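First chain A sits with chain B, and in the next complex the same chain sits with chain C.
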Partner chain A sequence: MTHALELRQVTKRFGDVTAVDAIDLAVPHGEFFSLLGPSGCGKTTTLRMIAGFEEPTEGELLLAGEHGNTIPPFRRNTNLVFQSYALFPHMSVYDNVAFGPRRARQPREEERRKVMSVLRTVRMDAYADRLPRALSGGQRQRVALARALVNEPAVLLLDEPLGALDLKLRKEMQIELKHIQREVGISFVYVTHDQEEAMTMSDRIAVMNEGRIEQVGSPEEVYHRPATRFVAEFIGAANLLDVEVIDVEDGTPIRARFPSGLETSVASANRSDVRAGAPSVLVLRPEHLVLHPRPPADEPAVETTIVETIFQGSVVRFELTTPDGTRITALETTRRPAPGRPGETVWVTWAQERAHVVVD
Partner chain B sequence: MTAAPDPRQEDQQLALEATYAGKRRGASRWAPWVYLSGPVAILLVFFAGPLGILAIYSFQERSRTGDGSWTFDNYVAALQPRYLETAANTVIIALVAMILLLAIAYPLAYLIAFRVGARWEIPLLLALALSDELNPLIRIYAWRTVLGRNGLINTVLEALGIIQAPLDWLIFTKFSVIVVLTASWLPYAVIPLYAAMKTIDGRVLEAARDLGAGWWVTFRKVVFPLTAAGFLATIVIVFIPLISDFAAPALVGGKSGRMLASVIEDLFLGRGQWGVGSALTFVLLAASGAVVWLSYKIADMNSLDTSR
Partner chain C sequence: MVDSRRSTTIRERSARTAPGPALTIATRRRLTAAMQIAFMTFVAFVLFGPVVILAVFSFNDSIILGFPFKGLTVSWYAEAWAEPDLWSSLAASLKVALVVTPLCLLLGIASAFALTRFRFRFRGAAGGFIALPLIIPWLIIGVGGLLFFSSTGAQLDLVTVGIMHVVIAFPLVTALLSAQLFRLDPHLHEAALDLGANERTTLRLVILPLLLPTLAASAIFVFSWSFNNFIVSFFTAGFENTFPIWVFSTLRRARDLPMVNAISTLISTAQVAFVIVAWQLLRRAMERRGQDIRDIVAG
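After this line comes the complex of A and B, so read on.
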């Protein structure tokens, strides 16, 4: 089976600057796929190459299995939802959405049926006669989505489409977008710098940094089993503790040693990367940490001092520091009694099956 | 000291502000007319006045002496075949030049606004503006050295062996008048179109391409409607000078490139037939008015047109 979209060793250079550096991607039909990364990581350039606005300097772009590097945007079976919506300001909502179908020269009734149907999908059918300037940001966003969706592209491309909306509306639109994607069954390639947004909506996420893909995986994979230190830091909150891997025998848990000499077992790692003696980082999520007022006898524990406790409703956040100055954040469900107060010493343990190690 | 303001004092303050605002509103109603009175007076005295006098001349018999018997003879004379032919020539030359100007200026304005980048945008606009600083007569003479019988084009083509004898239609024809007019008025066509294009969000053009529109549909459905105001401004600014030009036809027009303005000039200054000259002036004015009205309709239809 061919993929809806495939990138093979695609590179884009602007003069001396390499914006996208030999990336490989494959998006199956019907998948919600996100390109996630900080600004300047090359995610928008990647999207623009898929849309046809930029041509790859090297590598191959396959659209439904066919070579697509040089197909102009107006002949591609892709459609782009722009960050700023880019609605035609002189056309009504209906005419904006009908722009694509009219290029395909369909009969009027067919065009009308399609346009009204997609406007109903995005709940904008009551606004068909309005001009874009008479709409709110969220409504424009829906029209932009409808205008792209109506063409039934093989791949729908979205460039931070929710970036201009306020938080509450953004959360609602995330759920709605996911819902619409499932309903229409079109592959979505979604560009965002917001890891929470990517986690909420995506089937799979490609985490990008400095023009390269650091990891591709489901939200659970990139969260629980980050491939690199960058991914661990970028996705959610993470405590990164320097360790040295001392044993990577197959079939037994990896053994790692803290600078303090404390040793621990690590269940999870990308075993192909991790080598004994290599400087590595232990990734511990704040919600997996357990605080003890006294050193536990039966498991390795890191001694820390409480810097701050912050009540956040359902959870309490603890800001901790180890004797060598490493900062650790722990989240505990609100409970009594608290394990300690600021200035007091607590011992941190973790569920070993949750510990993950990456090469630094 | 109390921090809370005295409510009565506040009321007084509000009342005072309302009074001032009322006065300002009163003044602002008249201010535009006060500011405009000078220019309006100048227009009335030096533009509308002479035009009125010409209108009277055009309906009088022997206008120079002004003995005042009313007649339509001047208009009948103005519609003689020899004048009509020149009038048709004039309209053809002006229209072709106008279409050429738009055909060159639209892509040029697009390139400057969207393609060349910030580094070249201002220099290119300055170069266009500077090209207009050249004295018009000198520019026309420069064209004569290019288009002339022994001019640049003929010399080069002969030297290359492409032609055996000089091309005789390069100069003193409609062709040469159209070339010179187009080149002369290019800055005036590009700049309003450029200004109109700068208001378009470039991503809207990308959206059109993304939705399946090639360059022509993008132009017809997006660029043109969004620059309708610039289109109209360009025609208003350029067409009237084009249709009433007399320097270019006089210097490179020859017989076939004659235009109405030179005929009018000759009627007034050469033959002293002020009546016929005035009548022709109004024919010319009506023709430019018609074209401007037509382009207003086109612009209006397009900027509001939301259908197929």
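After this line comes the complex of A and C, so read on.
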């Protein structure tokens, strides 16, 4: 089966600057795929290469299995939703959405049926005669989406489309975008720097940094089994503790040792690159930590001092510090009595199946 | 010592700016409004006073521009109407302006696109070079044109006048259009390409319609610049008469002054009326398309 979109060793250089560095990607039909990364990581350049506004310096771009490096944007079966929406200000909502179908020379009735149907999908059919400037930001967003969707592209590209909306509207639109994507069944390639947004909507996420892809995986995978330190830090909150891997053997858990000499077992790792003796990082999510007022007898525990406790409603956040100065954040469901007060010593343990190690 | 002096100035200053109990905010606002009206009246008087006086004297039954008014007459208008040179010079000016305007729009569009959409060596220098005719005095441009044409042996006539008008007027179009193009979201162009329009269709359906109001305003400016230009035409027209040249040469005979007054009043009124009507049409067209006319000039 061919993929809707495939990138093979695609590189883009602007002069001396390498914006995208030999990335490989494959997006199957009907997938909600996100390119996630900080600004300047190359995600927008990647999207613009897929749309046809930039030509890859090296590598191959396959659109529905066919070589697509040099196809001009107006002949590609892709459509892009711009961050600024880029609605034509002199055209009504209807004419904006009908722009694509008219270029494809579809019969008037067909055009009308398609435009009104897609406007219904984004709940903007009542505004067909309005000019873009008479719409709110959220409404413009929907029209921009409709204008791209109406062409039934093989891949719909979205460049931070929710960036200009306020938080509440953004949350609503995230859910709605996901619904629309399921409904139309088109592959979405969604560029964002907001990890929460990517987690909410995506089937799979590619985490990008400095022009390279650090990891591709489902939201659960990138959250629970980050491939690199960068991914662990970028996705959600993480406690990163320096450890040395001392034993890697198939069939048994990895053994790791803290600088303090404390040893622990780690269930999860990206085995291929974890080697004994390599300086590594233990990734512990705040919600997986358990605090004990006294050292537990039967499992390894890290001794810490409470710096701050912050009540957040359903959870309490503990800011902790180890004797060697490493900061640790723990989230515990509110319980009484509290494990300790600021200044007191507590021992931190974790469910071993939740511990994850990456090479530093 | 220093401190006490400073505190005095602060107190004085605050005393000056602080609203006293008598001077309420409403009164102050009314005062400001009154001053604004006074200032505008003064400006209008300085700008339009002389024109209005000429218009008034074009109805005076005397060849002397001075009070008291001798009597009301329209004979100057009749005399102007019967002047054959007037009609031929008006026709010449119209002809030149009608040819110069589209040429300037074409050159303006081309140069504005080149300057705003493409990156090339000496782009800044090219922009500055194009803008030069807007800065160099027209007198110098006129003399320069005369020297150029006479050194190349070109016949001085309406063609040379037209060429010189293009030189002085198209940079204005470049400036107005560049400002508008610069403000246009570059993603509009990309969006049209993305939706299946090639470059030409994009230009026709997206870019030009969005530039149309600016183009119309440019056309009005260029037309009136060309039609009204005296200095540059004067040096490059040879034996031809444009309307401003005819006015100038006729003014040298004192007895014709009231007749020139009469025709100038007519032409000015016609031009003002034309610009007002064109502006209103433009504004309405833009409102239909959801744009604001202030966009054209507020570049």
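Everything below uses one rule, namely that the second predicted complex is superposed on the first by the 360 of 360 C-alpha atoms of A that agree within 3 Å, B and C clash if a C-alpha of one lies under 4 Å from a C-alpha of the other, contacts with A are read in each partner's own complex, and residues count from 1 in each chain.
We adopt the following convention: contacts are C-beta pairs under 8 Å (C-beta built on N, C-alpha and C of every residue); 3 or more make two chains touch, one makes a residue touch a chain.
All values derive from a computational prediction rather than experimental measurement.
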Superposition on chain A - do chain B and chain C clash or fit: clash
Partner chain(s) touched by A:Lys168 [first = chain B, second = chain C, both, neither]: neither
First, second, both or neither for A:Phe82, with chain B first and chain C second: both
Chain B versus chain C as contact partner of A:Arg341, first or second or both or neither: neither
Touching partner for A:Ala51 - first (chain B), second (chain C), both, neither: both
Contacts of A:Asn151 with chain B and chain C, given as first, second, both or neither: both
Contacts of A:Arg133 with chain B and chain C, given as first, second, both or neither: second
Partner chain(s) touched by A:Phe74 [first = chain B, second = chain C, both, neither]: both
Segment of chain B that clashes with chain C, given the candidates 3-11, 147-155, 165-173 or 219-227: 219-227
Contact residues common to both interfaces of chain A (with chain B and with chain C): 51-53, 72-75, 78-80, 82, 84, 86-90, 99-100, 103-104, 147-148, 151
Complex contacts: residues of chain A adjacent to chain C: 51-53, 72-75, 78-80, 82, 84, 86-90, 99-100, 103-104, 131-134, 147-148, 151
List of chain B residues in touch with chain A within their complex: 201, 203-204, 206-214, 217, 221-222, 225-226, 303-304, 306-308
Interface residues, chain C side, partner chain A - complex: 185, 187-188, 190-198, 201, 205-206, 209-210, 289-291
Complex interface listing, chain A residues touching chain B: 51-53, 72-75, 78-80, 82, 84, 86-92, 95, 99-100, 102-104, 147-148, 151
